[in-house]
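Once you scroll down, you'll see the structures, which are given as C-alpha cells.
Shared between the two complexes below is chain A, which has chain B as its partner in the first and chain C in the second.
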Partner chain A sequence: MENIVIGLLQFVILVAISPFIKTFIHKIKCILRGQKGPPLTQAYKDIYRLFKKETVISKDASFISRMAPYVVFVSTLWAATFLPVINKYTLLNFTGDIIALAYILALGVFFIALYGMDQASAFGGLGSSREITIAGLSEASFMLIIFTFALQTGSTNIGEIFEKVHQFGISHVPVSVAFALISLFIVSLAENARIPFDNPETHLELTMVHEAMILEASGRHLALFELSSYIKLTIFLTLVSNLFFPVGFYKDTSILFIILGVVVYILKMLLFAVPVTLIEMGMAKFRFFRVPEILILAFILSLISLIIS
Partner chain B sequence: MEISEKPFYLLILILPLILSSIPRFSLILQSLISLTLLIISINLILSNTDFIISFKSIIPFLTFSYKVDNLSLFFVGLVSLLSFASSIYSVSYIKEFENQKVLTFLYNLFILSMVMVILSANVPTFLIWWEIMSVVSFLLVIFDYKKQENLNAGISYIFMTHFGTTFIIMSFILLYIYSGSLEFKDFVNVSLPEDVKFLVFLTSLIGFGTKAGIFPLHFWLPKAHPVAPSNVSALMSGVMIKTAIYMLIRFYFEFLKDIPITFGYIVLFVGALSAIYGILYAYVQTDIKKMLAYSSMENIGIILIAVGLAMIFKSSHVWILMGISFIAVLYHTLNHTVFKGLLFLGAGSVLFKTHTKNMEELGGLNKFMPKTGILFLIGILGITALPPFNGFVSEWLIYQSLLFGSKLNYEFISFTMPLFASVLALTGAFALGSFAKLYGTVFLGTGRTDKVKKASESDGFMLTGMGFLAFMVVILGLIPVLPVYVIDEVLKQIASFSIYNYIIYKNGLLLISTDYDFGRISTSILAIAGIVIFAITYFLIRKIGNGNVREYETWACGLGESNLTVKAQYSASGFSQPIRRILSFVYKVKESLSFSGKKYFLPKKTYKLEIIDRIEDLALSLTDMFIKIVLKVRYFIQPGIIHVYIAYIILTLVAFILYVVR
Partner chain C sequence: MIKFLVEFFGAMSLFLAIAQLSSNRLNLSIKIYQLQSVFLSMSILFIGIATFEFELYISSFLNLLIKAILIPFFLFKVVEKIKLDREVSMYLNITNSLLFSILIVIFAFYISNKIDITGEVIAKQIFPLSLGIIFIGIFIMISRKKALSQIIGFLTMENGILLAGTSLTKGMPMIVEIGVFFDVFVGVLMAGVLVFQIKTTVESIDTSRLSDLKE
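Coming up: the complex of A and B.
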C-alpha cells in the first residue's frame, strides 16, 4: 500500500512540475535576452485556457485526428507511470523496462506523425516527415546508451538501473559516463524538438518540425499535445539527471526522506534545465540536413562510452 | 516412432482442390479445413507428438515419408492460421479476376504444397513438394500475365528459386554422402568433418536464404510478391518464406551438431544486414505491396538475428538463453505471419476498391473504408513493434537475447552485440517511418486522384478475414503466455528442456528474462493502465474542459478551398526524401524532369523518380557480364563464317579416318 502511495506521488510530481520546467527554461532564456519573461505559472494557465476552448477539427480529418491526442498523451503518461523519480517503487515498477520506454515514446511519435498527415495540410506532412527522420536517426544512439547502462547494472528495469547507479554514488561514476551523458543530452534535445534540431518557439514555416504537425490542433487537443510535450521533456530530464547525477534517490521510504528526495529532485531538474537554455541561447537552429551530422556524433560518443565502460 | 496405420482421412486436405470448379464453395471449405487443421495441430503440439508416416512407392528407394512432430506442427499451424483468414477473405476477393477457377485451384494447391513441404521427412518427398510449391507460386505470380511487369517478376522469381534449390540439393547430397540415407531422421546426429559441416551450413544458408529473401539474395522477393493476387501475396510473404526458416531450424538445431560459434555469428550478421537493408528500401517505396514485400525482408532479417543468437547460445551451451532466443524466433515468425498477412489483405482491399496500389494516387481512404482503415492500423501497430501489440513482445525478447549475448565470454561477440541492438533499433525506427508514410498517404488526408472516390467499405468476408488476423495481433500481444506455452512444447522436443517456468511469472501476467531483476514486461497490465489513464483523462476533460467540436476547413496560409489543390499534401516520395538524401549511398536513384508542350509558356512538366535496388543492379550487371563472356567464347567456336564450318568437317573427317586406319 505504502509503495502504491509513493508510486502515485512520483507520478503526480512528474506530471505536475513538467509545465513549470518548460516555463523555467523559457524564463531563463528571456532573462538572458534581457526580457522580463512570463510568470513561472504561465504554462499551467495556457493549458487550462486551452482546455476551456472549443476544438476545431478539419473537414478532411478522419478518426485519427480525434484519437491521436489521447494516444500521444496516454503514451507519455505510460512512460511516467514507471519512470522512477525519487524512489524505486513506481506504479508499474514490474513492467518498467527501459527498452519498453523507448518503444512507448515511439508510439507517441507515430501517432503525432499520423496526426500531422490527417488534415491534408502541406505543413503536417512536412512536420511528420522531418520528425520521423530525426526520431529514427536518434534511436540508434539511444539504444546504445540504454545498453551501456543495462550492461553496467545488469538489468533493463529502470528502477533497478537507477538503484544501482545511486548505490555506486556520485563518487564512483565511471569516466565513460561523460560520453554517454553528452550523447543522451543530444538525443534528448532531438527527441524533444529543441534547438539546434527544432525551434519550439516559432511558427516559421520553413524550419518548424514539431509545431508543423500540431498546427491544426486546437482546444483540448492542442492542450493534450502541449502537455505531453512538456511531460516528455521532463521524462528525458529525469532520465538524464538520475543517471548522471545520482544524488537524492533514496531507498528509504520514510516521510522525511521522501520530502528530501522531492526537493533534491526539483533542484536537479532545474540544474539540468540550465544547459538546455544555454544551448538554445548560444546556437542557432541547424539546417535540416546538418542534423544527421550531430546525431552521428551522438552515436559515436555513445559507442565510445560503451567500449571504455 | 513410426506408425503403420495410414491416415487416409488426411485426404480431406485435397477436397478443396478437387472442388475448385466451384470457387466460392471450395474457398469456404478450405477455410473450414484450415481452421480444423489449426486446432488439430495445436492439440497435437500440446500432447507432444512425434511420429513418421511412410508410403512405399513402386520405385525402389523412393519412399514418401512425412514427419509429424512439434516443430513441423507449429509451422503447419502457421500455414493454416493464415490460410483460414485469407480463404475467407478470398471468397469476395476473387471476384476481381476473370478465371476464378484456375486461381482457386492454384491457390488451394499452393496451400497444400506448403503444408506438405513442412511435413516432408525425407529428401525426395521434400524436393518434390518444394518444387511444386515453387512452380505453383510462380504461376500465381504471373497470374495476371498480360502485364509485362508481372512476367519479368516471374522470370526473376523462377530463376532465383531454382538457384536456391541447387544449393539445397547440394547440402542434401553432402548429408547423404556422410549418413548414407535420404531420411531426415538419419541426418540427425550424423558426424561430419569440420570443413564439410561448414559447407553444409553455407549451402543450406544460401539455398533456403534465397527462398527467405535474405541479403543479398532477396531481389526477386520485392518484385514477385507484390504482383501476385493479394491473397496469394499474403500467403507468400506470410508463410511461404517461413518454410525456409523452418528448414533452417531443422538444419541448424537438428542435423548439425556441435556447430562452432562462428556459424551463429554469420547468421546473426546476415540477419542484421537483411533487416536494415530491407527497411531502408521499404522506406522509399511508393507501391504499397512492394513496400510490404521489402518489410518482409526486414522481418526475415529480424527472425534470422534471433536464429543466430540461438545458435550462438547453443554452441556455448547456455541452454536457458538459447531457449529464450528460440522462443523469440518462433514468436516473431508467428507474429510476422499474422500482421503481414493482415497488411497484405488490407492492401488487397485497397487494390480491389481503387484498382491502384500506387500511394501517390491514393489518400483519404479512411473516410470511404473506415473499418478497413482501423484493421490496417492494428496491423501496422503490430509490425512496428509498438507496445502493447504482438511485435513488441517478440522484439523485446530479441533485445534481451542480444543483451545476454554481450555477457558471453567472447570478447568480439560481446562487444558487437550492442551494435546489433542499435541496428535493430534503427530498423524499428525506420519501420515506424515507413508505415507512418504508408498509412498517412493511403488512408489519411484527401484523395490525390479520382480513383479514391470510387472506394467503398470492404464487404463482410473481407472484413472477417482481416478482423480475425487483427484480433490475433491484439491477443498475441496482450497474452504472451499462450504462444510461449505452445512454443515451449516445441523447444522441449528440439532441445529437451523447458524454459516456460523461467520466463513466465505470476500466471503469465509477467514476461521476464530468466531473472526477475534483469528485465520484465507485462503488456496486459500496460494495456489496462493505458485504458485507465485514458478513461481518467477523458472524464477530466469532459468535466473541466470544453467538449464542443466544430468542423472547419484546413488552414492553408489563407488559400481558400477553391484555389487549393489536393497536390499540396505531402506525397509518399516527398515524405521519404530526407532519408533518401541523408543515406544516399544506399540507394541508386534515377531522377528525370522532362518538359513537353510549349517550351517557355507553362510547359507541362513530368517528374520521374525511380529507385533501383543496388543488389539487383549488381546481379543484373554480373549476369550481363557472364552472358557476354559466354557469347564471346561461342563466337570463337561458331563465328558464322562458312570456311570455319568446312574446316570443322574436314578436321572431323581426318580424325575419324585416323581413328579407323589406326
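Coming up: the complex of A and C.
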C-alpha cells in the first residue's frame, strides 16, 4: 500500500513539474537576451487556455487524427509511470524496465508522425519524415547508453540501476561516465527537438520539425501534444540527472526523506536545465544534413563508453 | 575524488579530439582546440594536486597561457587574413572519419592493455586516453587537405603527448617543459607564416594543390 502511494506521488510530481521546467528554460533564455520573459506559471496558463478552446479538424482527416493526440499523451504518461524519481517503487515497477520506457516513448513518436501525415498538409509530411530520421538515428545511441549502465549494475530495472549508481557514487567508473553523459545529452536534445536539431520557438516553414507535425492541431488536441512534449523533456532530464548526479535517491520511505528527496529533485532539474539553455543561446540551429553527423558523434561516444566500461 | 577529476578532464580532452573530426569550419576547429587545451591544463593541475609537485602548477598555467590564449589568438588572425577560405576540406568525409575514430580508440585501449606500466600511476585510464588523442591527431593531419587543419592536427597530437608524459612521469624537468612549450609556439608561428606563403603561391591553402604543375 505504501509503495503504491509513493509511486503515485512520484508520478504526480513528474507531471506537475514539467510545464514549470519548460517555462524555466524559456525564462532563462529571455533573461540572457536582456528581455523580461514570461511569468513562471505561463505554461500552465497556456495549457488551461488551450483546453477551453474548440477543436477544429480538417475534413480530410481520418480516425488517426482523432485518436493520435490521446495515444501520444497516454504513451508519454505510461512511460512516466516507469520512471523512479525519488524512490525505486514506481506504479508499474513490476511490468517493465528501462528498455520498455524507451520503446513506449517511441510509440508516441510513431503516432505523432502519423498525425503529421494524416491531414494531407505538405508541412506535416515534411516534419514527419525529419522526425523519423532523427528518432531512428538517436535510438541506437540511447540503447547503447542503457546497455552501458545495465552492464555496470547487472540489471535493466530502472529502480535498481538508479539505486546501484547512488550506492557506488559517481567515481566508480569515471571515464565511461563522462562519455555516456555527453552522448545522452546530445540524444536528449535530439529527441526533444531542442536547438541544434530543431527550434521549438519558430514557425518558419523550412526549419521546423516538431512544430510542423502539429501545425494542424488546435484546442484540446494541441494542449495534449504540448503537455506530452513537456513531460517527455522532464522524463529525459530526470533520467540524466538521476544517472549522473547521484544525490537525493533514498531507500527510506519516511515523510522527512520524501520531502528532502522532492526538494533535491527539483533543484537537480533546475541545475540540468541550465546547460540546455546555454546551448540554445550559444549555438545556431544546424543545417538538416549536418544532424546525422552530430548523431553519429553521439553514437561513437556511447559505443566508447560501452567498450571501456 | 582527485583521480576521478583527472580522468574526467582527460576523457573530455579525448571527446574534444573526436569532436574535432566533426567540425566543418576552421573557426570551429580552433575553438574546439582552445577548449581542449583548457581541459588539458585542468587535468594537469589535478595531477599536480594529487602528487604535490609544485612544478606541475607552473606547467598547467603555462599550458593555459600559451595553448588556450596565445596560439588560438594567432590562428584566428591567420583565418581572418585568408578570407573566403574557411571551410575544412578533407579526403575522408565527416561520417566516415568519425566511424574510423572508434577503431582508433579501441586500438589505443587494446595496446595500452599490453603495456605493463610499473611504478606509481595516478590514474590508470589516462594513458590509453592520451594515446587515443595522439592517434586522432595524426589521423587529422593525414586526412585533411588544408594547411591550417594540419596545424591543428599537429597541436592536438602535441596535447596528447603532453598528457601522456605528465601522467606517467609526474612531469618532466621544468626546463624541458618550458623548452617544449616555446618550441610548439614558435613552430605554430612559423607554420602560420608558411600558410601565407602557400596562399600567395597557389591562391589557396589547400596543400593538395601544391603538387600541381605550373608553366
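General remarks:
Keep in mind that, in the parts below, the second predicted complex is superposed on the first by the 304 of 309 C-alpha atoms of A that agree within 3 Å, B and C clash if a C-alpha of one lies under 4 Å from a C-alpha of the other, contacts with A are read in each partner's own complex, and residues count from 1 in each chain.
Just so it is clear, a residue touches a chain if its C-beta (ideal position, glycine included) is under 8 Å from a C-beta of that chain, and two chains touch if they have at least 3 such contacts.
Fair warning: this is a prediction, and the values are worked out from it, not measured in the lab.
Placing chain B and chain C on a common chain A by superposition gives a fit, with no clash between them. Of the two partner chains placed by superposition, only chain B is touched by A:Lys52; chain C is not. Aligning the two complexes via chain A yields an angle of 90° at the C-alpha centre of chain A, spanning the centres of chain B and chain C, rounded to a multiple of 10. When chain B and chain C are set side by side, the one touching more residues of chain A is B. Once the two complexes are laid over each other on the shared chain, residue contacts for A:Leu301 go to chain C alone; chain B is not touched. In the superposed model, A:Pro292 makes contact with both chain B and chain C. In the superposition on chain A, contact is made by A:Leu144 with chain B only, not with chain C.
Superposition on the common chain places the nearest Cα atoms of chain B and chain C 10 Å from each other. According to the touch criterion, the shared surface of chain A, contacted by chain B in one complex and chain C in the other, consists of residues 292, 303, 307. For chain A in complex with chain B, the touching residues are 51-60, 62-64, 70, 73-74, 77-78, 81, 91-92, 94-95, 97, 99-100, 102-104, 106-107, 109-110, 113-114, 116-122, 124-126, 128-130, 132-133, 135-137, 139-144, 147-148, 150-151, 154-157, 160, 205, 215-216, 219-220, 223-224, 288-289, 292, 299, 303, 306-307.
On the side of chain B, the complex with chain A involves touching residues 363-364, 366-367, 370, 373-374, 384-387, 392, 395-396, 399-400, 403, 406-407, 415, 417-419, 421-426, 428-430, 432-433, 435-437, 439-441, 443-446, 510, 513, 517-523, 525-526, 529-530, 533-534, 537-538, 541, 544-546, 548-557, 566, 568-570, 574-579, 581-582.
Those residues of chain A lying in contact with chain C across their complex are 170-171, 174-175, 177-179, 182, 290, 292-294, 296-297, 300-301, 303-304, 307-308. Chain C makes touch with chain A in their complex at residues 1, 3-4, 7-8, 10-12, 15, 18-19, 22, 24, 94-95, 98-99, 101-102, 105-106, 109, 125, 128-129.
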